[in-house]
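Input: a single structure, listed below in structure tokens.
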Amino acid sequence: MIEEISIDFFGKDSDDFSCEIMIEGLPGVGQVGKLAAEHIMEELGAEKIAEIRSIFFPPQVLIDETGVAHLPKNEIYRYCDGERSIMFLIGDFQSGSAEGHYILADTYLDIAEKMGVKRIYTLGGYGVGHLIQDIRVLAAVNDEKLKDEVTGAGAVFAQDEPGGGIIGASGLLLGLGAKRGIEGICLMGETSGYIVDPKSSNSLLEVLSKMIGIDVDSTKLQERAVEMEVFLERLKSLDQSKTEEELSYIG
Amino acid sequence: MIEEISIDFFGKDSDDFSCEIMIEGLPGVGQVGKLAAEHIMEELGAEKIAEIRSIFFPPQVLIDETGVAHLPKNEIYRYCDGERSIMFLIGDFQSGSAEGHYILADTYLDIAEKMGVKRIYTLGGYGVGHLIQDIRVLAAVNDEKLKDEVTGAGAVFAQDEPGGGIIGASGLLLGLGAKRGIEGICLMGETSGYIVDPKSSNSLLEVLSKMIGIDVDSTKLQERAVEMEVFLERLKSLDQSKTEEELSYIG
Amino acid sequence: MIEEISIDFFGKDSDDFSCEIMIEGLPGVGQVGKLAAEHIMEELGAEKIAEIRSIFFPPQVLIDETGVAHLPKNEIYRYCDGERSIMFLIGDFQSGSAEGHYILADTYLDIAEKMGVKRIYTLGGYGVGHLIQDIRVLAAVNDEKLKDEVTGAGAVFAQDEPGGGIIGASGLLLGLGAKRGIEGICLMGETSGYIVDPKSSNSLLEVLSKMIGIDVDSTKLQERAVEMEVFLERLKSLDQSKTEEELSYIG
Amino acid sequence: MIEEISIDFFGKDSDDFSCEIMIEGLPGVGQVGKLAAEHIMEELGAEKIAEIRSIFFPPQVLIDETGVAHLPKNEIYRYCDGERSIMFLIGDFQSGSAEGHYILADTYLDIAEKMGVKRIYTLGGYGVGHLIQDIRVLAAVNDEKLKDEVTGAGAVFAQDEPGGGIIGASGLLLGLGAKRGIEGICLMGETSGYIVDPKSSNSLLEVLSKMIGIDVDSTKLQERAVEMEVFLERLKSLDQSKTEEELSYIG
């Protein structure tokens, strides 16, 4: 019988790796967290150490640029520079069912705990429903003692935001992580929610860089943000009557 | 593997507590039951004895006013004054799936039975689809012998109401409780269904107070009801064209 | 842990009863099968021998006319006159999930097989989308050798009807029953699908009576059919502009 | 308890058969894959060796032309001419749930692996949203080394098509098959998505015939394609105002 979740460490085991910090950037609103996490990971040259597949992901394959089909997967990358060791959780999808969300998040924490992770940063977007210029980075923590550090890095705690809570892995890793004594910080870049938003990811990156003490080059993320701005301007000039709503999910 | 339901008695066990009566006030129509249960609990100064988490709750965290994220939970509080001992079941959510509803209600009854609960009051709202002045408290029981006591306290049994039955924990605790020999009484305050309705909760409180023989101060609930009335009046005067339908779910 | 399905034979067991024939009349289109099965059951004075509850039924209770709440249930009644022994499967709901449908139908067949059932009649309605005068009784069987007997009793096999197959217990009891060597005959009374349709049930009754060799008095069913006709006429005269679509699900 | 999936080899076992190639043609867009697989199977006179039933299929029965009801099933046929041995996977439905898709695909691979299958062809349609004349056959593989062979047979690898990946058995057999070292090639005939499309199936057939080295007579498939063209022309002439959208799912 197929396993609900299968984890492949390529012949090794989670015990063979140690990481102090985990950064989660799975798909979500505006792909803000995903873009930020993948950018840091690539700039640091993190190395893939594991792949995770699950029957809670959509029942399909994705086709890569060479025409090869792959099961949906989440991946774990690891960066270690002697001073710091970071694991990254990125991937194609989150769970398609409520129970699957809980079971997957619990599995991610099993892996993190075995690697010795002491703190988790979960990255996401906070959809505000309109295009914005000044992007705040909202935060939530799973332990009040973490707040000063978070505000010191430029993120804000906004009363009643996000009102509906934090859905999916970004939320559950904080909630379930607290039970295991793992510190959890969720950073959410404000975004319209209509477009893939590298600009918001860049704001997220600024806060996160300060917190993890690594100066990540943001050039590529800024270039993508500029491309998106140009694209949006062109769209507006082509058809002034297009409303923001019609720009949904462009990217 | 994560448990479907996890119950935390903070180092103790359900056996360490005894309660004769259980009062359930989980979220539902107009939050009528939730407001009433939480009001009594607070007025009596009941003490939290357990927290319940479940993969049947939505896959998210809720952010409290300090910016700290928490997994959705249901909670058990207990009040004991020598004469009476009451457990309260309140919380953030009900199950998101049909099977989860049954499994959770069964678990609540396991706890209640271990504590020696002889009678369960489940509190809810009965949505009538229009604003109402004279609020009836409708009732259902899981044993016909309970009816006189219920009508004596001012609740009514209305033929064919609620027509669709009672959905969720308020219903299942009666149905599944009967199998265990636990008396069950469901009290439902009439409400429009459009707003959070502390006025309906107050009507519920009047009936329940008589039944459990505790005179609960209703001042705070009445104040909230007045605030809501003022709020509704202001809404009406601002825009006379707003229909009741447009006021849905304000609160 | 609560059972997925719980069966209560009131202190007895399925082995304590024998039945040659099973008649299923669970809720469905126009309640045609349910009305017919319940009518026969009542006319014959069948006796309740078991109740079935399940977490696959909706998570709620139903309120009876005395104000007492009951879990949704399916029931088994039994009639025996020396010559014939019949079990009836009737109830409040069918499963709310696809898997639940299969698991419940399999359980019904476990019971039937233990009782020695050799043949199952499943009763239902076939929605045609418009009010009709001449009601055909469509049939399907799980063994071709049964067809002559069915057509001899007045039912018809119509090419490509019902096109979408037979959904729920009425279908699965035939399909899963065949695997166990139990003969299965599904009888479907044509009905608009807009109203509870005792007239269609009556047509079903005529065919079924011939097949089981019991002359069931149909007076009450015919009276209900007349009441419904009068009700429909009154509706039409009140508002000639009402379309049939607007009469959906009256009853 | 009913099994999630039951497989019936009619007294034999999967070990009793060997096949080098598997061709999957389950229902999907335009029934393109299903028509093609069933056509080849019939032309070659393949023989049915197994039936698969599952609680993940819809909870219903289908009625055949003789009025006999059957549980939904998938079927395995086998063709062997001394040189080549092929198993065909065809059937009524795919899974109704995401998890069921994974569990069924895993089961199909268990069977294929036991039979010694080295390569799987999955057949499907690729809906483009408008009627088309020149039908391309798009391809995806689960190993890059297979690409030359596929393009040599006339299929194309189109960057970013299908953009959303390949959903259901056609995709999962490739993704899960790769883990087992089974080669997987998905061929998708372009189709409007509005109609059952034997013309697209015929294009698929041309590519597949070359790949498996069997010259399959396509006369019947071409006749069906002509019938569909005539039917579409008649529809257009009857009502010029009918849009393509209104022709959805004709067939």
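Should a chain be cited, it is by its letter among A, B, C and D, assigned in written order, with residues numbered from 1 in that chain.
The rule we apply is simple: contacts are C-beta pairs under 8 Å (C-beta built on N, C-alpha and C of every residue); 3 or more make two chains touch, one makes a residue touch a chain.
Bear in mind the structure is a predicted one, so any value in this text is a computation, not a measurement.
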item	value
Common touching chains of chain D and chain A	none
Classification of the chain A:chain B interface as same or different, half of numbers criterion	different
Averaged-CA centre spacing for the pair chain C and chain A, given as whole angstrom	52
Distance from the mean Cα position of chain C to that of chain B, given in whole angstrom	37
Chain A, residues touching no fewer than two other chains	none
Chain B residues touching chain C - in the complex, by the definition given at the top	95, 98-99, 101-103, 105-106, 139-144, 147, 157, 159, 161-162, 164-168, 171-172, 174-176, 178, 184, 186
Complex contact set, residues of chain D against chain C	1-2, 55-63, 65-71, 96-97
